[in-house]
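The following blocks contain the structures, represented as structure tokens.
There are two complexes below, and they share chain A, which is joined by chain B in the first and by chain C in the second.
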Partner chain A sequence: MTHKTKAVLLLGIPTAYLVLLFILPIISLIVLSFWKTESYHLVYEWNIQNYVTVLTEGAYLTFLIRSIVVSVIVSVLATAIGWIAAYAIWTYGGRFRLLLALAFAVPFFTGEVLRVIALQGLLGPVGLINGTLMKWGFAPVRALMYSNVASGIGLFYLYLPIAVTVIYLSLLNLDRRLIDAAKIFGAGGFRSFIEITFPLNLVGTLIAFALCFIPCMSATLSPRFLGGPNGTLYGMAMAQQFGESGTWALGAAMGVILFLFSLLAVVLIASCLDLRRTGFTGFGRN
Partner chain B sequence: MYISLEGISKRYAAVTAVDEVDIAIGKTEFVSLLGPSGSGKTTLLRIIAGLERPTTGRVLIDGVDVTDLPPHKRGIAMVFQEFLLFPHRTVRENLAFPLRMQQLSKEEIASRVAWAAGILSLEGLEDRYPNQLSGGQQQRVALGRGLVAHPKVLLLDEPLANLDRELRQEMEVEIRRYQMQLGIPFIYVTHNQEEAMSMSDRIAVVSKGRIEDFAERSEVYDHPKTAFIAQFVGRSSHFNGTVSAVSSEGASVDISGVKLHVSRNANLKAGQRVVVFVKNEKVQLEARTDTARANSIDCRIKDIILRGAYAEYILDAPALGAELVATRPRSETVFTAGQEVRAFWSGDAPDIFPADKAA
Partner chain C sequence: MTDKLEKSGHPQGVSATIDRRGVLKGMGAIGAASVAASTFRINYARAQTRKLRALMWEPYLLPEVVKEFEAKHNVEFAPTFFDGNSEAYNKLRVGGTKDFDLVQADGFWPRLYFQEGLIRGVDYSKMPSTENFFPIFKPDRFDILVDKASGTKFGVPFCWGSYGITYNADGISPEKASSIECLFDPEFAGRLSANARFEENIALAGVLVTYRLGTRDKPRPDGKPFNPYVLTDEELAEVEKLLIEQKKLLLTRYQDNGTLFQLLASGAIVAAPEFAQVYRQLLAKVAEGEVTGDIRHTLIPKEGGLGWVDTFLVSSGVADGDQFDLAQDFINTMISLDNMKVIGDRTGCSTTIDLRSVSTPEQQKFFLMDRTEELADMFMFDQPSSPEKWERVWSNMQAA
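This part shows the complex of A and B:
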């Protein structure tokens, strides 16, 4: 096989995959968002009414803003706690490092629905926490019952393992001897973290953040089972358009807006980032 | 003494990497730790740096016991074999790093960085990142980062290992010059004896975690204290033999029937098994004659290797059942391969050691 055919094959397959499974669905979603749905039927009539609805109707804006707030808080917390956990494993894990890192992924084995239901059992009115409190004669913690806090806890619980894993993998790539070098040249523990460890894992940190933030924005399960009446988040509202309401075109418009928003966020972060300042070698030696 | 290691040992489970090391180094000394791979040189350096805790013993720098101090409080600097430049910092920032940690003024930092860039020919590269530099340039930045810090002691772990011969020899001279300029001790780890010889005041020969000898470089070269040093330092041929007689003049050694005279007798006893080392440059050659000569062996030139101003004659000595090598200046009589010659040396040329301690 010539070098060229190899290149065509190796690059062609992922390209074809991307086109088929990513670009095409996005295009069909965009097209759908410019049509409309009337009483559970799709009407092929070009219009921008869906976008007007999403961007002007109070409810959708509320969902969007609420989602952004919840997602930012959850992702910041997950990234911060993820850092602490990953750093602890990396530093003190010794022989059990790999095992500990994998342990964070164990909840994944049960699937997302079960995990959220399990949390409902823990946080709900008759759940483990409030149930125990009431049994001992204390008042239940209302913030934990069907609230945004509860659905935030759910999201945190769902995506923390991702943050830990991503940051841990990033740390594995770090040459510890660079920290030795920093110490030799006069940096204490904290200082060498600020000067060396953190900047060299900034890309990993941002990826961890994004991998929490984006699914939080489109989350449906956690707000549905834990969020309560005032806990509707954007992703959940979007899912409803495709389900109960049957307003697919509106749902598609919401999807496009979410997609653009996520894209914008990623582009914004990337444009503020000078990869050379992170020692990022994803581009190899240049 | 400015730096002292007292009874330093380091054990990892089954391995003893450093074994009861005692050395003391003066304030303006250039000291090399010379030893083969795995002998414990890096471990010893890391113990001085504070990156490794000794299992036993104390480290003193400038009269202060620093055994329990972390590296950043020891006021030292180090040039690593693998450079370990900070990949996310430019050359300028790498050089400035130790100075920022010392909280020096902006002006002082700028002037020291400029000084380092100047002496190391790094001008014009200050704004590059390490991965935009050649190996030799990275090496010089690593060296510069150690020098600008004006540390109490500079530790160097095979800093020239990745350079080509020419650049290495140039750097050897430079490094020695900076050491004298700064007036601080340099502890230089290497497994390359030429490097150690060219720069050091004193050389500590390390083998299996122990210091075999710690002495002036010429002493180490001319009067090796152990068979290991004789083997490791300089190039030599060696033969196993038996002491046949001892006198106040020295010893006679029988090597497969050939009698040699060694004017150092090193407390030998008749009948003792010994190893005799002769440095290549101490072996002389002459055309075959019938006149008798002490310490001479008939040989045939098997091969000739040219090394600049010197020729290395690989000699086959059937009487010894061994090969030996003579390194002669090319200005001397030139012999040709295949020629029958006679190799000889003066009685004080060989170094002799009891065989049980042979390397």
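This part shows the complex of A and C:
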């Protein structure tokens, strides 16, 4: 097989994958968003009413704002806790580092639905936490029962492993001699972390944040099973359009807006980066 | 670019040899190969196993019966599950008639399916188990499954129920629980739950709103007798207000029967509207001593109630011949006395098949076998007159 054939095959597969499973669906979603639905029928009339509805109706804006708030809080917390866990494994894990890092992937051995339902059992009115509290004569913690807090806990639980893994992989790429050098020149542990470790792993940190934030924005399971009456988030409302209400065109417009918003978030996150300052070369360690 | 490729270890000159035509040729070859492979695979699979494909509610699946049926006919039964009628309807409309042989639906939905050509007529003479229907479900009386113009029967009902109120009489009086008002009563704040499905929530609130407003006897938007699935804009606005008020009183909207069972069994809530399935499951657990409480069920609230009849349908994609016979034989098998008894026991549903000859007096009372005639007083589950307006009401409530 010639180099040319190999290259065409190797590049052709991901290109075909992207075109068939990403670009074409996105295009069909965009087209759908400019049509309308009436009583479960698609009406092929070009219009922008769905976008007007999503961007001006209070309900959909509320879902969007609610989702942004929850996603930012969850992503910040997951990234912060992810940093602590990844740093601890990297620093103190010794020969068990890889095992400890892989342990965070164990929850992924089960499906997302199972994990959320298990959490429902833990946080619910008769779950382990509130059940134990009530058994001891204390009042149950209402914030844990079908609330945005419970939904946030669910999202945090779902996406923390991603944050830990990404930050840990980023730390693996860090040259420890730089920290030693900083310490030789008098920097304490905290200062060497602030000036060396953290900035040189900013790429990993921001990727961890983005990989939590974007799926949180479109999350459906956690708000549905844990969120309660006030817990409808944007992704859940969007899924509703494609399910029982059959308002697909409106759902498509919500999807396009979510896509554009996620794209904007990625651009904003990328703009925070100075690749030279982070030591990122794109070619791995020399 | 070339510099980067060299640094990253790629062979020199590769980037220069890739051109657009080459990439397109490669993609075309891959695409053609994929299509050929998938076509071969599909044809090969069809030749190997004959399938009976069903779009159905999961609780009605009886694995042991299916296994026996598969062995008897040398076929594979392939179920796909759905939750609400509109979800199944959407699936059928986007080409599902070619993907499914059997379909399940309830209320007036089968009629809509038939009008839109999504399902076909069935032949009761090929399904002798239909002889065992309670009188109210025989085609001469249960005419919502008969096309009036042609007389074609297009569905086989198998389970029925109401969307009544299951409650714990230790926490709420039977008098209060006999009215839909109890689901909106601040006295029970935090101790109520409701279904997560938007259609039944809006329709049930519509029953209460029209009762309060006294608008049922006035001319209706569709010119027909009152149907809670056809509401005026004013009534919908009142429904929205009512649902927003109710939201503050709900502990949660339950997503499945398992969650509702736990909420009622633990005493976390005292009342919730449901299909009487959880009610029966709770009664069974009370009898076994595993659950405490005075669990009761209001079949039809004083303002009126919603009712449903689950139905087997045959997709319009099934032509006369072996596949049609197979589909009808499956329905006939499922609605046999023995299998309907199992379905009733497992799902907690009342059946359209008269099981009194194989049931104890307690079971007859438990499954309302002597109360099937009350179905005539209920409003059947139906398609919302405007899903778009109903969706807006639901979203406004969720965001409030």
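The rule is simple: the second predicted complex is superposed on the first by the 273 of 286 C-alpha atoms of A that agree within 3 Å, B and C clash if a C-alpha of one lies under 4 Å from a C-alpha of the other, contacts with A are read in each partner's own complex, and residues count from 1 in each chain.
Please note the rule applied: a residue touches a chain if its C-beta (ideal position, glycine included) is under 8 Å from a C-beta of that chain, and two chains touch if they have at least 3 such contacts.
Predicted model only: the values in this text are computed from it and were never measured.
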Chain C versus chain B on the shared chain A, clash or fit after superposition: fit
C-alpha centroid angle, chain C to chain B via chain A, nearest 10°: 150
Partner chain in contact with A:P125 - chain B first, chain C second, else both or neither: second
First, second, both or neither for A:A7, with chain B first and chain C second: second
Which of chain B and chain C A:G137 touches, first, second, both or neither: neither
Partner chain in contact with A:D175 - chain B first, chain C second, else both or neither: first
First (chain B), second (chain C), both or neither touched by A:Q241: second
Which of chain B and chain C A:Y60 touches, first, second, both or neither: second
First (chain B), second (chain C), both or neither touched by A:P229: second
Touched partner set for A:A16, first chain B, second chain C, both or neither: second
Chain A residues touched by each partner, larger count belonging to chain B or chain C: C
Per-pair minimum CA distance [chain C against chain B, superposed on A] in Å: 13
Touching residues (chain side chain A, partner chain B) in the complex: 175, 177-178, 180-188, 191, 195-196, 199-200, 276-279, 281, 285-286
Contacting residues of chain C [partner chain A, same complex]: 4, 7-8, 11, 13-14, 17-18, 22-23, 25-27, 30-31, 83-84, 86-87, 89-90, 93, 196-199, 247-248, 250-253, 255, 259, 262-263, 266, 268, 383, 386-388, 390-392, 394-396, 398-399
Residue numbers on chain A that touch chain C, as the complex places them: 3-5, 7-9, 11-13, 15-16, 19, 37-41, 57-60, 62-63, 120, 124-126, 145-146, 224-225, 228-230, 232, 237, 240-248, 250, 282-283
Contact footprint of chain A on chain B as seen in their complex: 49-51, 70-72, 76-78, 80, 82, 84, 86-88, 97-98, 101-102, 129, 131-132, 145, 149
